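Only one structure is covered here, and it is reproduced in the block below.
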Amino acid sequence: MDYGIHEECGVFGIYGVPDAANLVYYGLHSLQHRGQEGCGIVACGDDGVLRRVKGEGLVQEIFNESKLASLSGSMAIGHVRYSTTGGSCIENVQPFLFRHETGDFALAHNGNIVNSTLLRHYLERRGSLFQSSSDSEILAHLIRKEDNDPHRPRIDAIKEALNMIDGAFAFLIMTRNRIYACRDKHGLRPLSIGRLGEGYVISSETCAMDALGATFVREVNPGEIVTIDYHGLRCSPYSEYSHHFLCAMEYIYFSRPDSDLEGRNVHGFRKESGRLLYEEAPCEADIVVGVPDSSLSAAMGYSEASGIPYEMGLIKNKYVGRTFIQPSQALREKGVRMKLAAVGSIVRHKRVALIDDSIVRGTTSRRIVRMLREAGADEVHLRIASPQITSPCFYGVDMSTYDELLCAHHQDLSVISEKLGADSVAFLSEEALFKAGRRSELCLACFNGRYPTSVYQRIEDANKDLR
Amino acid sequence: MDYGIHEECGVFGIYGVPDAANLVYYGLHSLQHRGQEGCGIVACGDDGVLRRVKGEGLVQEIFNESKLASLSGSMAIGHVRYSTTGGSCIENVQPFLFRHETGDFALAHNGNIVNSTLLRHYLERRGSLFQSSSDSEILAHLIRKEDNDPHRPRIDAIKEALNMIDGAFAFLIMTRNRIYACRDKHGLRPLSIGRLGEGYVISSETCAMDALGATFVREVNPGEIVTIDYHGLRCSPYSEYSHHFLCAMEYIYFSRPDSDLEGRNVHGFRKESGRLLYEEAPCEADIVVGVPDSSLSAAMGYSEASGIPYEMGLIKNKYVGRTFIQPSQALREKGVRMKLAAVGSIVRHKRVALIDDSIVRGTTSRRIVRMLREAGADEVHLRIASPQITSPCFYGVDMSTYDELLCAHHQDLSVISEKLGADSVAFLSEEALFKAGRRSELCLACFNGRYPTSVYQRIEDANKDLR
Amino acid sequence: MDYGIHEECGVFGIYGVPDAANLVYYGLHSLQHRGQEGCGIVACGDDGVLRRVKGEGLVQEIFNESKLASLSGSMAIGHVRYSTTGGSCIENVQPFLFRHETGDFALAHNGNIVNSTLLRHYLERRGSLFQSSSDSEILAHLIRKEDNDPHRPRIDAIKEALNMIDGAFAFLIMTRNRIYACRDKHGLRPLSIGRLGEGYVISSETCAMDALGATFVREVNPGEIVTIDYHGLRCSPYSEYSHHFLCAMEYIYFSRPDSDLEGRNVHGFRKESGRLLYEEAPCEADIVVGVPDSSLSAAMGYSEASGIPYEMGLIKNKYVGRTFIQPSQALREKGVRMKLAAVGSIVRHKRVALIDDSIVRGTTSRRIVRMLREAGADEVHLRIASPQITSPCFYGVDMSTYDELLCAHHQDLSVISEKLGADSVAFLSEEALFKAGRRSELCLACFNGRYPTSVYQRIEDANKDLR
Amino acid sequence: MDYGIHEECGVFGIYGVPDAANLVYYGLHSLQHRGQEGCGIVACGDDGVLRRVKGEGLVQEIFNESKLASLSGSMAIGHVRYSTTGGSCIENVQPFLFRHETGDFALAHNGNIVNSTLLRHYLERRGSLFQSSSDSEILAHLIRKEDNDPHRPRIDAIKEALNMIDGAFAFLIMTRNRIYACRDKHGLRPLSIGRLGEGYVISSETCAMDALGATFVREVNPGEIVTIDYHGLRCSPYSEYSHHFLCAMEYIYFSRPDSDLEGRNVHGFRKESGRLLYEEAPCEADIVVGVPDSSLSAAMGYSEASGIPYEMGLIKNKYVGRTFIQPSQALREKGVRMKLAAVGSIVRHKRVALIDDSIVRGTTSRRIVRMLREAGADEVHLRIASPQITSPCFYGVDMSTYDELLCAHHQDLSVISEKLGADSVAFLSEEALFKAGRRSELCLACFNGRYPTSVYQRIEDANKDLR
């Protein structure tokens, strides 16, 4: 997987379990792969006060026992945020917390709002003051604008606000009494509900529920708002639109292999995609090698379908952390390889079928191909377990900008092969993704440019202002 | 000095000097005595982007060279915040930074707004969303509400907003083009302007200007707003009210001895108050002892006026920091004294004139008197270089609550003396404060209950919700 | 793999390359799996001064750029130390550094000296003062005792000292002129030499050489001392004994899969052991599942040999670090699983062939079997890619104590199976290890109690005083 | 005080009080002024095991509650070490801890051994291995060499070892049964004993005893070894030599004003020295200003004797800590003053009598004189409350090297005055020091070159290898 792609976030909430913040800690830890830049938890104490701890870093770096102890109460929501360079800062770390005389509330968001510029303009004209550069703050201001009549249920204000925003989102909103879980009407970002003892769990991925011993109940439906409070679980749609355009990249790259997305296990999807990849694009090879960690399932599938043995031809150093000093350019040129290494005694004199999940800019793929050759591989046949990425994403995936996409406007395989220095290259078809996912709808916008929402922006500018 | 009293903050700004944030770092360091809880700097880069670093801790703990380097540009403002327990959190650390399509702006505040509850209610009814529990956020929302007409100068909106708030304040507001420095119409909190090379400095106290080698120009007048931009310095009043009710506690306790407040040096004031204290309340003693650090100047004055030698009968451990483990109650009862120690070989068999600057709850005074007696002092005559504190402060001084004030409603000297275990007690007169300050106006509300503003609150509730 | 087993250390050295400490940093980072408790580097500056940085934590936590910059010079050695609880402290973190008028020297050690008690007694009687509780300090004192004649080459003193110690070791000794690399005469611990530009690399494992782009030259032979200085590489035996009893656990568990140990790739060994395991102990299963990370290669081998598909039925959270708050017993009982999780949608209604590399206490195996059943597995057939561990190790492997070994004195398979809750259990034969390693000698003491050295201790006490 | 001078250390011990390490923490905190580079505590648990925590930094930075809790037991010794640049490292931080089969022991040292080179040579020839570059390690090796006969009391070995070392020292040695407190036969470094409940306290200065509520018993005599164990306190001389050459700098600069040294309070000494300074060297001035903090007492004495008012003309920023970013040279040239500031409104148009305690290199004095002039002082008359420092110290005071001493070989006052830019300069006489100390013996070697011990070194080389 090309390192130019990143998921934006993960959200997690607990209702009705003592020391909820403790469990949110473990839930966020299980969602850590969705974001390593920052994280936070807001808990609602038995006194009705919302308290927050947040910071920049991993879950285990931000929280310690005394900080968790300060977050008392049986209701809490949390957030992990992905790591970028530069634009990150403490004010963008969620959950956001708003102080208001009618009751404080907190908000956590995974996804991206495509009409944020318009809405921000509208809100600022009406006197709203923003304190972050994150589009996630918009929903809170919208709700406040719609929430002026004290005799009207707050959920109506939330529904109106949700109908004003367009894009990809899973929102958790916590007041002193309840948690609202909302998912965009296209179903672009995942959000699931589980049962934990007498209480409830809400999570971006099911792996975090499993980790807590919770039982999966169901997914929040596209266009639905689920309210959890002392009445239990209540669901109501805020939109009549009904599609399930789940982001295909959740299957291909972001989600943890042990998560189930809309009934399909992620590892299962990936292994099947590897099998289909061999059917569509076989090759003559002595060994199958996957790029760790996200491509291992696909590589196993390719190996099983082909009968070519799977070997650990690439190895990743699992201790690389934030404080690791990256080798200088001079050292890299002298052959210092830290993150990823090719194993000479495995790949030497071998024809390698190299399986990767996707190609964004191609920089990493090119480096890996070269590494394998330097380690003695005779041939390198690159097989990608997804179609060509031809178009930018507007829904919260921080790909490189349009101009940097290796396959922008779809490229000829021989051109790609040459650019990457591989002996051959092949991609998976879109049909195979539907087959592997056992479903008929997926958001494939980055592969085919068919966006399920309006875009409000020139494609050429995509991702430029997200960073 | 009783440890139950705390200043709220200090503000500092630089306009028109390269690497302004660097200088703000040194300025805040010189104002560190005004607040140790948290601090922050917002700098405006040459690209017009406002960038912020803030955190909980001392200036030297929050900033390092790489963080300062990230704050490029020739304009910056900063803030130090005082240390409370409990209510503190990162969202209350200033400067606040607001993102707005008409231009981001930053805000730093020293003081306290007395009609904040009313204004917050008003603003929230009109859709404002607050993200901190600090009253300092109110001004920003007010400005936005008044700033709807794009053809009207922003300064008009600021003036209107300033006229809506009542209380004590020194505000710095920074946009991408200029810094506004505003002072409340009563002049309760100090704010001075200086010249540094081609640029300008604004600071709560002059000591921070001196530290940078800047030249004092003048104070911001009560009810005045000073604009600093590429045109230079422009001043305009926003209120016709004209008094100089500078908080007397700034002279007595808060400010650094090397600062000048409205033309009067603070050490000079204190020493003079010590002289006058001897005139008003002489005593028979062998040595004069001051409570370090804030009462040393007054003690010297008392010594000089009386001819009684000044001795270092109390000593303060200067290494006590945030991570110091305070002795347990059990150890304190066994005589472990860490912060402050009485020097046996100096006070033994001596009649001590003990000079302190003020008494709030009396807890510390009682402890010091006992400490001196245990160290062998024969007599302890307590002389306080300010009048009895009878009333709570609404202007940003976190005294104990009303009920805890030792001298609430004015007490009889013999009663106080007995409570503190001293052989005699005396206080300075209000007249002496005017004389020491060489001025005719001061805010003496905590001494006599005459508040220069409306109070909007029952006196009995004062300070309760500040903590 | 049972978490009750730990390697003791890794050593790494560089001779004749500018900024050697920088490269040692990367080398140690590649050996991080051999020890996470502490680490250190000693570099010899061009001024002949040996400088050290060491600390408790990961390589990336202890070193930053300024610390590395302080370690100038073209010669350096380093050490990583494994993590225990309690007995660890900064004085046991290596390299040790000795100051001596005939020239300072540094020492790093991987392994365990079995006659340390005797030698320590002997040395203390002769006036030696020890500053750590580590047995690695002994060699330094022995060398000094034998190094009294200034006209005799130091290497003779080192050889005599090496002949006095018995046990498992790879020692690096650095003086201001040269590095000595010594390996025990049984060859229990690995140590390899490589070429890097004009200089040399010495490393516990070849993976760390590969990471630097160095070329493997050869292993240090058992009973050999290799001297690297401005003359180049010189080798001389210090013992005529000639066996190659490399610790089998290096292949089975400790070493990184991309390392080659005496000509055999570790991943290759493990995969082959998995194949042989199927031959020796086949089972009826629907899926093969390996315990991550060390058993994955064996599981792949088992899958390939059997044709049973390999699935990711267990998943490990890769973000668990030192500051992670482990779930309380109460939470664990409620089903909170953090380190390792069984994937329900993969194992449900499946017969699982569970592959692990070894069993020490059995605690983890029991937990994993239960986890798989709770996740819905119909049957769990445990296949261990090594023989029963019946005896404690005296050579630097911190297994549980003798009494805690699940298979102490060899156990009946049905007993083990019942204890672990598995449907069946089987172990690999010793013969298969030789076959997988393509060699005829290995230390198998923990499997069969045949120790290559004297033991100097009652077996029952083994490992008790190491912790 | 010139910043080119530093004390080396402070030692502190507790015997027979539960949780002794806790009290040592507070004791070391009270001795923090004697060393800020590093600190450590060794405690002897009820199980007879000596445990240590040490590190580089202030007492409050190195210890937290869990670390103190790990140091259980009713006997403990500690050490603070002063801050140098470069040569500092963790292995030189004390107490040292030696592991030995006849019983571990710990050692803490304040002072300097003048024949260390000879002794180290002797010990290394006999096989000793040193692990630090500190001369304090020598005593431990000497004791071991003399401690070979198991039937002979260890105290005899200690006495013999003490008679072999020459120089200035206060040593604490702790075994599992007792603490030995030893002081050099000249009495150069201070060491006092106190009573605390049922137990004992030993401290470099009495201020640390007072802080714990302990009662002063007596000083350890020069050439005496005091043993504290379950028998109580036993004293025995190890040398018949009998002088009291206490280092005069302890009175003048190092010790805390509230300490008593051999019956004389330090503040009392300094104030008296200020009085005598006025008698010996009066001047015409409007105000007296002392250099904070160590010269304030002398300045008060000068003020009282002269009748010239004492003013706070210089102020020190008390928040300057280790992580403070010092202003760059460029900023300093532009007038940025952080550590120390002259107060314009106090010194302007004044003739200043500037009191400092001593002059080493003169750099700081020159800077202060200039600062006062720039702040508007008309005249600056520098009065030094000690004689000219003409000779280096060999007893643990890290002055600048000989060549850097401003007054090396005694200088003419007019020359000094010109070099420092002062209007006049005068020093105190040696006689005045005896008078202020109310004693007839003091080590004045740095003033007159009369060293109480042999020197073993060329004076020209003094202090060169200490750093």
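A, B, C and D are the chain letters, set down in written order, and residue numbers restart from 1 in every chain.
FYI, a residue touches a chain if its C-beta (ideal position, glycine included) is under 8 Å from a C-beta of that chain, and two chains touch if they have at least 3 such contacts.
As the structure is a computational prediction, the values presented were derived from the model and not from experiment.
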- Item | Neighbouring chains common to chain A and chain C, by label | none
- Note on the structure: Label-sorted list of chains bordering both chain B and chain D is none
- Just curious, how far off is chain D from chain A if you go by their C-alpha centres, in Å? 60
- chain C to chain D, mean C-alpha position gap in Å, rounds to 47
- Considering chain A alone, which of its residues make contact with at least two other chains? none
- Can you identify all of the chain pairs that touch? A-B, A-C, B-D, C-D
- chain B residues within the chain A interface of the complex: 52, 54, 89-91, 96-102, 120-121, 124-133, 140-141, 144-145, 148
- As the complex stands, chain B meets chain D at residues 22-23, 25-26, 29-30, 32-33, 58-61, 63-65, 68, 197, 207, 210-214, 256-258, 260, 265, 267-268, 271, 293, 296-297, 300, 304, 309-312, 315, 317-321, 323-325, 327, 331, 334-338, 341, 343-346
